[in-house]
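Got some structures for you, see below.
Each of the two complexes below includes subunit A, the first together with subunit B, the second together with subunit C.
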Partner chain A sequence: MKHIKGRARLAAALCAGLLVTLAGCGVGGGGGEAATEKTKIRFSWWGNPERAELTQKAIDLFEKKNPGIEIQPDFAEFEAYWQKMATEMAGGGGPDVLQMDYSYLKQYASRNLILDLGGQASKGALTLTGFRQGLADTGKIDGKQVAVPWSGNTFAMLYRPDIFAEAKVDLPKKGWSWTEFHATIEKLSKAAVVKDMKGAGDYTGVYHLMDLWLRQQGKSFYTPDGKLGFGKEELRTWFTQTKQFRDDELLLSAQRAAQLDPKPALSADAVAMEPNWDNFIGRYVGEAPDAEFAIGPVPSLKPDTAGLYLKPSMLLSVSTRSQQPDAAAKLVNFMVSDPEAAKILGTNRGIPATEAALAALELNDVDQMIVDYEKSVADLMQPAPPPPPAGAGTIEQAMRDISEELNFKRLTVDQAVDRFFTEAEQAIAAGTD
Partner chain B sequence: MNRTTTRGGIAANRTAGRGGARSIAWHAGSLLMLGVVLYPLVWLVGGSLKPSSEIVGSTDLIPASPVFDNYLSAAEGIARVPAWAFFVNSLIISTLTVVGVICSCSLAAYAFARLRFRGRGVMFVMMIATLLLPFHVMLIPQYIIFNNLGLVNTYVPLILPKFLAVDAFFVFLFVQFMRGIPSELDDAAKIDGAGHGRIFWNVLMPLARPAIITASIFAFIWSWNDFLGPLVYINTPGNYPLPLALRLYIDQEANSDYGAMIAMSLLSLVPVVLFFLAFQRYLVQGMATSGLKG
Partner chain C sequence: MTQTTLTKGPARRGAGPRRAVAGPAPGRSDARAGYLFLSPWIIGMAVLTLGPMLASLYLSFTNYNLFNTPDWIGLENYRKMFADDQFHQTVSVTLRYVLLATPLKLGAALAVAIWLTQSRRAMGLYRTAFYAPSLLGASVAMAIVWRALFADDGVQDQLTSSVGLGIGGWVGNPDYSLLMLVLLAVWQFGAPMVIFLAGLQQVPRELYEAAEVDGAGRWRRFVSVTLPMISPVIFFNLLLETVHAFQVFTSAYVISGGDGGPAGSTLFYTLHLYQRAFSDYRMGYASAMAWVLLIVVGLVTALLFRTSRAWVHYAGGSR
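This part shows the complex of A and B:
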């Protein structure tokens, strides 16, 4: 009996002991913080391990230059990052400095989660000049500087010059028209240099390309107050543009694209052209080292208006909850404009947003290609459109899905147009992604 | 006599022959099913031995020339955190989770199964009702609590709830099991002078071993695979458990290192499989005994 009693006590003690240890874990974490008197800044971004390594090096340099500040980095993959950010922000926590995406900017600003950095700039913790063409104002919402652009990219036609040469088709050139673009698709698909290779995918699912097409007509995808900037008639024209190609099977089929996923069609020898952001070329070159890639301009309705603009591909914001907004702004400034930081970070996040950072870079062949392209279309660049409304992510996805349904011939053009407007209006009304 | 034996022998042979054919068909069918079930795993092993560029796109199951680069790059870890650290982190969380679940849920279950107190029925229903709440609904309120307590970026938010019996599923599992244990045993212990603590510890817990094993396995596997909890609460890469680390290999903008991710995910399966192998015979036993109760 005594023996049993002893065991019961032991078990109880064990359970209790574990609880205490557990509590100890928590206290231990806090204890370390109290020991040092450094300003702590939590900095979150999304990206892969390679980006983490480069960013950590830049952080090390920042800490060396600012001995009073300690950076606590944390990172996740894009989707997970926003999931985490949404929970933290809603729960009253979150990082001091966060990497921001243009499509989330309006939502975070309207919920008053990100700080107007104008105050920090006037204190001298942050400079807001020296940005590349048109990028300076992209971090502003209603006149408040809620984000600072970190890198900028523009839309382009990525293509395979080796395939073009073999098929004896003219390369995309500045000022080429949509008619020429369509003729090029047809020629490339019929030549089928590599088995089953098409000229392009069904580009009507690419929301950014439709935006450019609308901009070429003096319209835009979203109005400044966050409504759709076009009607059913425009969308019908857009979807009808590729109808003949879909019927003649001259475009990459949705089935094939789904089979290839997550590998992109351009680097998988499935298409010879793809309208996309120019920085994607880096990924394709990495994935298909034996293929040749080049960047050309997008087709336009009138040769002198391509609708192109520099889009901030990443921005940095400071949380309104940050206890140390000045130190946070200092970090933002360092990451965006410091030439030494730029050298470390390279073009991992895209072509730097400031002239000073770009000048400091040693560009590799791929980066040079992107910079050359952006220079070649500099005279076509227009100011960037205002940040898209909350819900834009859902709409972008809807566009892709509906175009895919068209490709599968599950929808007619009229049905597709109706469905898009229903879904888009819902997404805008809901105002969340 | 002789004849009958022969005839009997032939008949036996015939049945054996028919039985043999049936047995072959049965085995072939089973093997086919096994092939279907195991295909993803074989693909995973094959994929982990392919060069990163071949993984997506190449349809060969077995790589032409197996390479071990993926394992090497996986072992390097991510952003200055060695790969083994993710395993250790996951092990700490999962082990403490198992201990917490077993300690707290069995105690809560004892109360529901054996004690008579006011509001027991209502409380039991409320506890079961929490099973219907999706985790996402509680995520933000829970985050607010732990954020106010200053416990974010520690393992406490992931482990403390397990010590407070919030996993209604496990409480329910224990309750059902304990209800199946005859209360005469309690009475006998009571006559011998045992109180609740003694009855719980010396009578019910030893008999509930199958339930303990079952709960341990599930608690271990679920916490090992949990992604959302650690994602929200852990901010230091050095403290990331495996599921978080695995997601870091994927990137939409730059090259995704599928090879390292597959190699790492294969390695991350090993502890779960080992844990399962060690306990699975108890698991089967547990199901058999609880199944008998009807």
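This part shows the complex of A and C:
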């Protein structure tokens, strides 16, 4: 009995000790803050350790140029980043400056979580000019500058010129039609330069390509108020486009694609073409150094309207809760427009959004390829669509899943269309609540 | 059980003099010490388990996306859930998994446990070897290895092709991908196996000897002696593994890259719940899903307990 009591006392003493230490930490932290009196800015972004290293170098330079400001950086992978951000923001916290994605912009702006930087711009803490074509307005919602574009990219047809040459097929060229695109797929699949290599995968699961196809008809995937911009008839046409190819097995099979996942089919010798964002080429070159890659334009319904636009691939926003909006705006400005920062950051986040930052860069071969492509289609570029509604991520995934089920022949085109509309309407309703 | 013996032992020894001096006080301070030792668990339970559970029960009746103040909508989430086709698909995928994985895993565990009770050389080595998969199985690395085994031209493809079934790798085939996850679960039979082993060693030898004298063969002895004698252990394992199977998540999450593919064939209930909560931020809806799962698992457990009266034999009990 005594023994037990003794232990209890010991445990109590240990607990008490722990509490004292915790309290001690708290006091110590408070004291330190009071002593330095630096403006502290929390800055969060998503990315990998390589990006973290480059970002840290840029932050070091910023702190050297602005001795009164101290940056507290943190980062996570994309998915974890947004989970953490949502939780922190919901709890009333969050960073001062955050890396923003176009698909989250509307959600954060409509909940009044990100600051209108117009005030900081008029005070001179932030320059909002000098953006590349069409990017300037992409950070605005209802006239409020809730984000500043940091980098931009364009949709494209990524392909393997070495395979095209061997199969003796014409390369994608500006103004090529969907019919030519389909003929190219067929020729490449029949040539099968590498065993089982197809011309392309079933592109009907690629929601950004459908968006371009709709834009070529003067429509859009989403209306400005965040509803679906097309009806069942358009989607039926879209899914039917590749039906014959699916039946004749001229596309990358869903089975093979599922096995390759998460490896992309283009760098795995499984397809010769892939519609995707032009900056993905950097990743593919890294993954398959022996293969040749090139960037071409997407097919179009009319040669002069490709529906293309420069999309902000990353933006920077300042939290409405920030106690130091001026210092935060300064950091945003530095990251986006400072030539020295641009040199450090390179094209890790894509091609910079401002002309000044782009001019400061020394481009490698791959970067040059992207810049050249964007220049070559400059006359086809249109203004970017408004940011997508809050459920857009779910809808993008639904499009991919439903197209996959079409390829497994688990759905007919009509069933696929109905299921897409059910799921999309649910996602949009849930996003606007 | 152990607690009572621990406290009773010394109390009885020092009963006489102690009671005269301190009266009932030691009992109370015993309790206090007990609670003090329990406090980490009690605090953890209240703050980390009960609190969030009650919060999620409340949220399940609301519309909540992390940013808004939860908005009371009554049973709307539950109504939407039962009207959602994807929800029905996840239920069917999960039930098929539970019905396949649980019996197969228990069967494998029992068979190996019986084999391991026979004395052989290097028995310890075998026991360790059969337990090892359970240590590895829940890991992300194992799920990746599994993917490779079941890819085109992988081990499984070569085996099935050699017996004339040219169906390709199961990873990319929605008709077989669930079976692949079932096999991953079955392969991790180590934990129930160890419990079966303990149970088998408790069966009195003389029962077997008596049965043998009565002319019972191997099978007869298994059915009439072994099974009834270890039925409490079977029941325990069945309960544990069923509950466990309902909660399957990691293997499907890693193997399908988080989307439950191909073609939704591995979209388990928990995976769907995770997507709704952390991709769509539909926290109210996801909480409702979690509560439905809890209720269903609770009902299944109650049902198992009820049937157990008919087949579980407790030695020394009235049955």
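By our rule, the second predicted complex is superposed on the first by the 409 of 433 C-alpha atoms of A that agree within 3 Å, B and C clash if a C-alpha of one lies under 4 Å from a C-alpha of the other, contacts with A are read in each partner's own complex, and residues count from 1 in each chain.
Following the convention adopted for this analysis, a residue touches a chain if its C-beta (ideal position, glycine included) is under 8 Å from a C-beta of that chain, and two chains touch if they have at least 3 such contacts.
Everything numeric in this text was worked out from a predicted model, so none of it was measured.
When both complexes are superposed on subunit A, subunit B and subunit C occupy overlapping space and clash. Once the two complexes are laid over each other on the shared chain, residue contacts for A:Ala430 go to subunit C alone; subunit B is not touched. Contacts of A:Gln83 after superposition on the shared chain: both subunit B and subunit C are touched. Contact with subunit B, but none with subunit C, is seen for A:Lys263 once the two complexes are overlaid on the shared chain.
Of the two partner chains placed by superposition, only subunit C is touched by A:Gly393; subunit B is not. In the superposition on chain A, A:Ser403 contacts neither subunit B nor subunit C.
Set against each other, subunit B and subunit C differ in how many residues of subunit A they touch, and the higher count belongs to B.
When both complexes are overlaid on chain A, the residue A:Leu113 reaches subunit C alone and has no touch with subunit B. Contacts of A:Thr422 after superposition on the shared chain: subunit C is touched, whereas subunit B is not.
Legend: residue contacts after superposition of the two complexes on their common chain; A:Gly93 is shown touching subunit B, with no touch to subunit C. Once the two complexes are laid over each other on the shared chain, residue contacts for A:Glu287 go to subunit B alone; subunit C is not touched. In the three-chain model built by superposing on chain A, subunit C overlaps with subunit B at stretch 184-192, while the rest of 76-84, 184-192 or 274-282 show no clash. Across the two superposed structures, the residue set of subunit A contacted by subunit B and also by subunit C is 4, 7-8, 11-12, 83, 87, 90, 262. Residues 10-11, 14, 18, 26, 29-30, 32-33, 36-37, 63, 65-68, 71, 84-86, 151-152, 168-169, 171-174, 257, 259, 261-264, 278-282, 285 of subunit C touch subunit A in their complex.
Of all residues in subunit A, those touching subunit B in their complex are 4, 7-8, 11-12, 15, 18-19, 22-23, 25-26, 29-30, 42, 44, 47-53, 56, 72-78, 80, 83-84, 87-88, 90-93, 95, 260, 262-263, 268, 279-280, 282-283, 286-289, 348.
Only residues 53, 56-57, 78-80, 96, 99-100, 103, 139-140, 143-144, 147-148, 150-156, 159-160, 163, 197-198, 201-202, 227-228, 231-232, 235-237, 244, 247-257 of subunit B touch subunit A when the two sit together in their complex.
Only residues 1, 4-5, 7-8, 11-12, 79, 83, 86-87, 89-90, 107, 111, 113, 253-259, 261-262, 391, 393-394, 397, 400-401, 404-405, 408, 410, 419, 422-423, 426-427, 430-431, 433 of subunit A touch subunit C when the two sit together in their complex.
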